[in-house]
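Each of the next two complexes has chain A plus one other chain: chain B in the first, chain C in the second.
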Partner chain A sequence: MKPVHYWHCFVGIQVREWLRFWQQRTRFFSALVRPLLWLVVFAAGFRAVLGVSIIPPYQTYITYETYIAPGLCGMIVLFNSMQGALSMVYDRELGSMRVLLMSPLPRPFLLVTKLLSMGIVSIGQVYVFLLVARLLDVEPPAWGYLAVLPALLLASLMLGALGLLIATWIKQLENFAGVMNFVIFPMFFLSSALYPLWKMQEASPWLYWLCQFNPFTHAVEAIRFALYLQWNPQAFGITAAVTLVLAGLATAGFRPQRTKILDTKTA
Partner chain B sequence: MTIEARNIGFRYGSKQVLTEVSFTLAAGRFHALLGPNGAGKSTLFGLMTRLLALQTGDLFLDGQSLRKQPADAMRHIGVVFQQNALDLDLTVRQNLLYHAALHGLSRKEARLRSDRELERFALAERANDPVRLLNGGHRRRVEIARALLHHPTLLLLDEPTVGLDVASRAALNSHVRKLCAEDGLTVLWATHLIEEVQPEDRVLILHEGVLLANGEGQALCDHEGQPDLATTFHALTGAGSS
Partner chain C sequence: MNKKKIKTLTLTALVSIASPLWAEMAYVSNEKDNTISVIDLDAMEVVDTIDVGQRPRGILLSKDKSTLYICASDDDTVQVMDLATRKIVDSLPSGEDPEQFALHPNDRHLYIANEDDDITTVVDVKTKEVLAQIPVGVEPEGMAVSPDGRWAVNTSETTSMLHWINTETFEIEKNIVIGQRPRHVEFSHDSKFAWASAEIGGTVHIIDVDKLEAVKVLDFKIRGVNQDKVQPVGIELTSDGRYAFVALGPSNHVAVVDAQTYEVLDYLLVGSRVWQLDLNADQSMLLTTNGVSGDISVIDVEDMKVIKSIKVGRYPWGVVIAPSS
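Take a look at the complex of A and B:
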């Protein structure tokens, strides 16, 4: 196969993902409710309790809404990527996955492209969220909207790869509720999405270290810094490295027979 | 194109599902893979399509090993799965274009081929309908049209008539036979329904993971001293024909 074949395949998968998004656009908007609730209700309620001092990348005091907005962007990517990756091997996408895996192109390429395309759709959702957040006075610099794109892509790929890895290997977590309780919620709450890590360190050093080991923390920080036009090489580097490792493990260990893609009960 | 399976074995955990299965498919012929439910047909299809990894043995398409050169081999195979593999939310044409893209075809070429196949399968008028609106027979035809888009030489159909009424089953079966005759396509049609098999077909009978017979339907009947395929199948497998 030549590079042009890879390109046609890449474009085809992207197009399909956007077509599906268009077909299910009501779900797209309903999924926006969760982060907006956090931004409008949670942040308003906790603003006084969780005051934020001046920390990079911010150059002045900020509102709590401003602080959690990048974390909520991460939240959107986290939920969508994990749910998307799980659906690849468990329910909604089974038929499509069979077709995908029949392609003569290498499976790692197909799987990463698929994860990336799902990530791109969820990034569309992040931008809609950021637009609404702007109306609520969360106003990052204009160029920040562009600068944040690579961080969002990386985060979505990392979380999608994690979802695929979990779905392929851990049969006990085969429903989304299990993944919510054991993966998504711990990842989200043990991160810098809702509170700066120095606050966590004051409360509990070991929780602070758990947050530091959580790759989602670094993904959120990469998003936060990029959105405010600053480069955080540590956050970006860790997110990129974890993405590489997870994508490598997820694609190398992917076996359709470990999933429901090939329902062998019908053999 | 010749297709050869050589000593295919497969086990799920401690359960041996396929044992030393070997056969050769003749180019341009209709082959029926006959076996009761649980015989190992879908597992064999899973192996032939790389959804399952080969454990022992190998498959060769024109001498190309599926184990060693999977991409080359997969370019020549079209598959219709037992379960629906169409995206119900997308239109018929969108489903075809997606498949074409996965095989590296350009948008222009994909459109050209899609239109041709839709015409051939009398689906042109439904091209822009969401698949969800199609009945079972039409969906199956879309799946076959899709499987042929990349011009395979081997078409695998895993119990393609499941869920269809009698008339649709017969229509689909005769349509695939026509394709086989007109395009020189090698067809492997897995089924547990004897009425979908004709005496002139090449028949492979799989039972409990073992290939019990492989040859012309009529020759198998003669060999077993049975009047027809149904009784031959029954005699070999001890199973009633559905």
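Take a look at the complex of A and C:
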């Protein structure tokens, strides 16, 4: 296999992802409405409640809207990744995932490319969210919009790999919604997306430790620091390490034929 | 050629060595710590903390910015600090419990509000002589002298008044009632207007100095902040007459006001209980003292953004900015 084959495959998967995105334009807006509701309604009520404390990467006091914006970027990526995983289960049931995996290219490459493609679509949504947030006085430095790109890519890879891993465990599409409730909500709420960790520590040391062990916390912190032009090696390192582990497990465990329909047929 | 080159290089080197010396320093009085924090505004960090008298509150600079005057309220004195050595070199009689004061443009007459005695004391800083003690309203607090030197204005908290003192005769010529608990007065640089804040009233009165009457009363509303917490205190005006900044106490915001149209342009979030303000020499930077959170916030005036908050001592009260000595 020559690099050009890999490139063709990469472009093919990418184009398919964008086509799917274009066909599901309403999904794009609904994905945007969710974080904007959090920003405009939820954060507005907490404007003066959060209390004051300057924590890195911020240099001064910030409004609650400013605090939760990076967490909401993470939320967009989280929901999209899980929705991507759902679509993989769906694809698998319909067999189009099997068509993709029939490619002679190595399976890990195909799966990682698929994750990247999903990630790039999410990142487009995050940027639209950040632009709307700017109109609502969430104003990170201009270069922050560029600096946040690697952090977003890493976060979307990590969460995509997690989605993929979950997809390998699920035998039926119907089971997916239940699993999502056990993944998306705890991941989002038990993280630094909504409250700084010192606030969690004040509430309960257990909550604090749960948040610390949640890789989503570190993905959000990597996004937060990068958006404010600061380098957080710990958050980046943990996110990257978790990505590697999850992607390794997911690609190794992914079996296209592992669905109930097929199982019944083969049985 | 070589000589010229060496000369240029030496000059460049000298300039680059000297440039940190032109940096500005902020001096902040810490009411509960009995100290003055010194902040290098280039590095944006505290570089020194100096012990001073008890409960330092109002601070101001001599006209040449080489001397710092400090109201040591609980020591009933005004301390004099030489900024070159950062040592207290003298103390002046001040009357009881001095809180705020103002220096006449003659660089000698210091007008001091004595909160407990209901008087304003005038001291000559050179001879240390008390020139006058002028009875004013109950709980005198704010103090200002017009840049043209004609008026000294004292605010009395309980009587809610501005007392206009003729600086030639040391006598009150007019009293003006403004909002409840007036805290601070600031003159425009052309001496034509005086801005006076009323803490409980939640207002700022703008007084036409020729007519000695209010031409405008400002009030403030901050989204998401209870109106009771909007308590105007310190005021700072840019010398080009473009902006006024009003510290809004426990609302933790500074209001940016268009000084021509009197329209409130923005509210900037700073630390807890923002108290006093000062602009640097080129007016690109505004500093606020935040009493409860124990820090100062730095505002970029061009962008109208708070760029940093720096920890100082407990209950920072006053702030002044001077060139590094």
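We take it that the second predicted complex is superposed on the first by the 242 of 267 C-alpha atoms of A that agree within 3 Å, B and C clash if a C-alpha of one lies under 4 Å from a C-alpha of the other, contacts with A are read in each partner's own complex, and residues count from 1 in each chain.
The criterion applied here is as follows: a contact is a pair of C-beta atoms (placed from the backbone, for glycine too) under 8 Å apart; a residue touches a chain by one contact, two chains touch by 3 or more.
Small disclaimer: the values here were computed from a predicted structure and weren't measured.
Q: Contacts for A:I120 in the overlay, against chain B (first) and chain C (second): which applies, first, second, both or neither?
A: After superposing on A, A:I120 lies clear of both chain B and chain C.
Q: Who does A:A44 touch here: chain B (first), chain C (second), both, or neither?
A: second
Q: Between chain B (first) and chain C (second), which does A:V11 come into contact with in this model arrangement: first, second, both, or neither?
A: After superposition on chain A, A:V11 lies in contact with chain B alone.
Q: Which partner, chain B or chain C, touches the larger number of chain A residues?
A: B
Q: Looking at A:L100 after the superposition, I want to know if it touches chain B, chain C, both of them or none. Which is it: first, second, both, neither?
A: Only chain B; A:L100 stays clear of chain C.
Q: Output check: A:L227 vs chain B and chain C. Expected answer is one of first, second, both, neither. What do you get?
A: Neither partner.
Q: For A:A161, select first, second, both or neither according to whether it touches chain B, chain C, the two together, or no partner.
A: Neither partner.
Q: Touch check for A:Q59: first (chain B), second (chain C), both, or neither?
A: The second partner, chain C, only.
Q: Go through chain A and flag every residue that touches chain B in one model and chain C in the other.
A: In the superposed arrangement, which is not itself an observed complex, chain A uses no residue for both chain B and chain C.
Q: Taking the complex as given, what residues does chain B use to touch chain A?
A: These residues of chain B touch chain A: 12, 17, 37-43, 46, 49-53, 70-72, 74-75, 77, 79, 81-87, 89-90, 94, 97-107, 146.
Q: Taking the complex as given, what residues does chain C use to touch chain A?
A: Touching chain A from chain C are residues 223-226, 252, 269-272, 293, 295, 297-298, 305-309.
Q: Within the complex, which stretch of chain A touches chain B?
A: Against chain B, the touching part of chain A is residues 1-2, 4-6, 8-9, 11-13, 15-16, 19-20, 23-24, 94-96, 98-106, 110, 255-257, 261-264, 266-267.
Q: What residues on chain A touch chain C, complex-wise?
A: 44, 47-48, 52, 54, 59-63, 139
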